[in-house]
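Structures are listed in the sections that come next.
Note that chain A is present in both complexes that follow, paired respectively with chain B and with chain C.
Right, the complex of A and B next:
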């Protein structure tokens, strides 16, 4: 976010209420801050205003046609109406048309962070009337066999959020728009595979898509698992940026990751590792019991009791035979603070030395 | 980092050195991309033509390990052309006369002779950085993994002090941390020279504090670093506890490392998998993984954040802190009665002045950057705003030193190592995640096309790469990202254990290994045998 240099505030009117706004806000931002339900489809708060879907229109006194609130800067003295019969009818008609273009409105919530937006709006405005006989825009790219991103453009409504997030947020410019109208197609260079483009598989396009046209293939592996999708807020396990994510689970199974749009370090951004590299957690290679080296020289499963005794005894033996300076510990740069803290305390309170380090040196 | 991540889109001049940020910290790199799109100037210094270089306004392709010469040359230009921030230098720093004297000899021409970077480009970079309203420096392991890692960092600090590019929004000296909680491991006291909160172990006041806290006097001397400890395994060091680290694969000089761990009387490893390191242990404990563990981590901008468990662990796996506490209890060490991660974290807060204003509940939303000296303090997103840690910023006199080993007739090529976007460390995690192999199935040696041809090979051929310590087989990949005479690969694949080759030296202060520079010889493999070149 950029700093607001000019802190003087200005006023405008929304639905008869006088409200205060700051100079960089759009009408949509002001309206939403004052809890007006203004519907949007092509809008992603992290991106530059686009003004494509016109669902967010509001009435502005002195202006003949309704204006797209997501793209209009708030100005002092404006008189704005965010709802009313004409606006609602306009929005409903727009949604009916959008819905008619798509094969299905209801998509699996595992598809992506914003995947339910169209379905929710269709419900709110009762727009599943089938009043328009739709021609579909966009053709699905079935032959892209990448394991991360499903490209089902039959579901595309040309909001360009994917293209814009890729360019503005990621700076990758991997995808673009070809043609116009019903022939509109989101594409990569030479109609090719994402793998052969500058795509880094950050998944941002998937997470901003409001219809499931772009969907999270990894998460969709879990479609048939029973149970609700539960989200748990945590921090990515990979690099030091510390992106906030929601871990998606169904029962005891970790099924996917979604970026936290309000994550303080990442504001919704992620990279391929944070987005897709989570299968290690529930991998069959995980250790599930302690192991102890037997007389045969091999490691064998052991009880916690035996393994802990053996571990402790080894440190005590070393101390007794070679002195307390013969014991050393290396803490992890991957585990939480509590691991490192207890490990250093083990050395300092147990052997009274400073023989402790972590792996940052290599 | 001296400044928060959100500052990355704010500078008008950005100097990235030794950081392949688009691959190693992609999300952070988006901030830089935004700044550049806004018109900020980007200076990139790296031996390889990394993707960031493609975006830069000036690219300084320096010879591996010659950073101090480049930075000395830049300092010279700034002083010579009268571009110092005189009032900042007068009010906030000390040692400038000696420093100016010291850099007099470091002309850009001299720097060119060592780094191979044209003097004119060094001058341009220096001028841009010095004249910036907000100039910010970003670096990673490309700066620290050298025998002169500390010198490199201090050379960067000299530049920031000369120009006043520190202590303000959009400026600063900003190392990007590679592992999710490497910052936190230091914060929590897993260091041979510091108690929790970076409190020096040789300070008697701290000693008294921890004697009180832990119920016994602790040594007044610093402990050994891990590097020294590995050297003394089987001799002075007899028993070792290693938590969650695949030392054998990620540390330099693999043979030495394996030998060291084998010669211990007692090795205990806590990990998620039976790694190459765990396989050498006497006892292995199964730890709970990310998404199975409640806890705390600190990111590269000193932001303290909560990790939350979402799924149950496999079988009998337990949190690291629980395992260590149980071992401690059975050793008869008092004070390990923790019942939760929260208990442990709150104890840390009570002992660390940097965390004094934090506790488990306060960090729920991750709003604080340490230091947080007291309850109610909002945290410190920007360091050094009014004062440096010890009052004034000190200029350091740095001389250029050759890497521990330099190329010669026997080993004529520079090898430099790093990470790739799709894989992470020893791949115990990314290698076990479905789909990642679709993008990156094997390691290859990035080599300039002219070198590939000169060595009688083609793209995709196999070769043997050897250093003074050993050799590995690896596939050649021709690419202009590598300059002539320098090759690159990552250390992530166990079938190409590059760290058999590395490990020529260590920084004398931090003992960080020189992983970034290693002279090697490359020979084609024909019909399965290495052909002498």
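Right, the complex of A and C next:
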């Protein structure tokens, strides 16, 4: 039996429909590809299957209990039901139970990319019933005053997406799980502050959190600004990787950045710079026009033509006075390939020197 | 002897298999707790992220992070000890820094108090003594036994004593034949997992033997954490070589050269007994390299848990051995193909493994014939609570429960009546009324909506408040829920709150709403929990509602006022 043969012939049944799947797919992946609305809270497609929230359970013929579709590999001949009275009841009960452990269900969308997941599911399954009242889980880390990540664990539902994204995607292993059962608490080493841990403030935990327990403190500064949040797809300007991001704006103000989960270069990943270092865009100190030093010794606004002429003359003067090796260029790591290429052409062909480098080597 | 340095502790364990738990224990034993410095050392030595280590250490009840730590007494407040004064003893000992612990597997002789590596038992703070765990009484029915047949012989725990009644003959004979012959004998015997899951042992060993990946591992699940279960303890304490021989036979049959015994923290004396038995067996050439002069090599390592019931679940146990956070694993894949280090692994209960040498020596048919009717073999039952003669009994599978309770164990003391029993420790919930007519086999017990499981039976007489008993059982499940899956993590907490007796405790004041919540939580836990803990816990509330609806109604009414 060859793998290739498997790939072309593997079939299973979902809700009575015969579908084709590839051997590496989970039941959840197959179901969603065929437009079944299977709810999840602990699932992030970038992470290893976990099977914690149990909302994705489906009925599998021949198996007594429903199985977690996120963690079950699709196999030929399986007969799967993704919906039904019993499954829907279980999902509603689970969501009612989850709702009972948090301070609030609705959270500000600026909190993070996935922050609305619980609220949306609570609505879809009409789970805001107030049943199952009792002690609430999780304790917020109010003394962590870092400027990036709000740690409001009162809102935590112990899905461990933050812990897993930190380990599996970032390789930082900064976040972990303390205690067990209902006393479970997301933490870092010795219950400390993020800045004293191995956290790099990439914000990945914030963006995968389905309840806003981890939230984007910078974006939340704009809660009271008037206007709707508009998302605009763009490319991060910081380095050559080219991470896709959504710039969040209110009116003409940039208020936050979210990683694009479908970004071809990053698939949702970002670093601290791409995630949080956007204040320069609208900073009052940012130059918005070229400046040229006048005879009075002061800087004055100038046109691009004048400024470039002045710069060119400076280069030529240096070359004439000190020779062609007096010029050295360091291309920016933030520049794309085309600009880097142009820079080295400019230096090699323009000045006849090999004094060219890139800051990414540092 | 001078106190070992950090570097010496690290050097002792770093290159050993499954080093995390023993290395942590080494620091814990030396300092009495796990300091920040110790965690940093272990993290660096084993290249384990500090945050993960910090979190995982907190998972285990008995790892102390601060003084007085291990030197402070822990008093059992399990369901049986609670009946017999465990909480009063705890209160009396609080001035010595005592804290509670979940059932510590000494229900036949309460109340155990664990301090560092010592267990004392007794009912009053000034009357605690160290005693070896009680031997089973001679079979009250005069019936033939398997694992208890020779356990009462003097010196049985020593190599010489073990050999006097045929010990290691099964292994010697097996080594002269083929691994398949061992597996065939097991298949013929009908032996099934005695930890409660009941999976046919021969089929499991066949699957591991057929795996082409390796190295393979044998894991003995000695994390006997189920409240009311203390059968594995008596086997290991008084017949340790039977367990070792069973493991060696498993290694020979499946092609494994390494075995682990994952022993619960609360059995420190058992740990010493096992280590001594392993050393004896190695010196005699029955473990180690070139066993019995053949090319078969097999080594056994004891790994002590640190206080987590869930580590008796095989996925959690394997994660714990590997030094990971002890959450259960998703299944499939199963340990037979993806067990320790993701490689083929046999995970068997102590009783299962101890049954193997007699079966191999005397044949599968002999063992099969020990059961009553169509049932194969025997089962150890740990009997405790309101019963005249608590202790471990080896019963033929299919024995009527009433025969055990009344004819063998003398019924409830003081002429009282037996109101209810638990099954499977507490994981099978309660049986009462006509359901006490079950026979001790899975089909019969399951027909009564319960399960035989690991074979712990706690007895409650007619003076006991079953709502309070149910609360203490559910409190245990909530305390031990690992926190991985939502239904169990939240469900055990909510059910505990609803069984609490305090006025104004969380939960609906109307009986109908109360029942609907408890039943909905139970249904979702049974159907969707990630492992057996969450699936079993609602049997407690289910059986409570089935047998004592009027008590439940009074309970809900009393909370509303």
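One rule holds for everything that comes next: the second predicted complex is superposed on the first by the 277 of 362 C-alpha atoms of A that agree within 3 Å, B and C clash if a C-alpha of one lies under 4 Å from a C-alpha of the other, contacts with A are read in each partner's own complex, and residues count from 1 in each chain.
Keep in mind that, in the parts below, a contact is a pair of C-beta atoms (placed from the backbone, for glycine too) under 8 Å apart; a residue touches a chain by one contact, two chains touch by 3 or more.
Just so you know, these numbers come straight off a predicted model, no measurement behind them.
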Could you tell me if A:307 is touching chain B, chain C, both of them or neither one (first, second, both, neither)?
first
Which holds for A:218: it touches chain B only (first), chain C only (second), both, or neither?
first
Counting residues of chain A in contact, which comes out ahead: chain B or chain C?
B
Name the contact category of A:65: first (chain B only), second (chain C only), both, or neither.
second
First (chain B), second (chain C), both or neither touched by A:49:
second
Look at A:336 in the shared chain and tell me whether it touches chain B only, chain C only, both, or neither; answer first, second, both or neither.
first
Answer with first, second, both or neither: which of chain B and chain C does A:344 touch in the superposed model?
first
With touch defined as at the start, can you tell me which chain C residues reach chain A in the complex?
36, 49-52, 54-56, 58-59, 308, 310, 325, 330, 332, 478-494, 497, 506-507, 517, 520-521, 523-524, 526-530, 535
Going by the contact rule at the top, pick out the chain A residues touching chain C in the complex.
41, 49-55, 57, 65-66, 68, 71-73, 86, 89-90, 93-94, 97-98, 100-101, 131-135, 137, 157-158, 167, 173-184, 187-190, 197-198
Interface with chain B, chain A side, in the complex: residues 1, 3, 146-148, 168-171, 195, 200-202, 218, 230, 232-244, 247, 249, 252-254, 264-266, 269-274, 276-283, 285-293, 299, 302, 304, 307-312, 314-319, 321-322, 325-350, 352-362
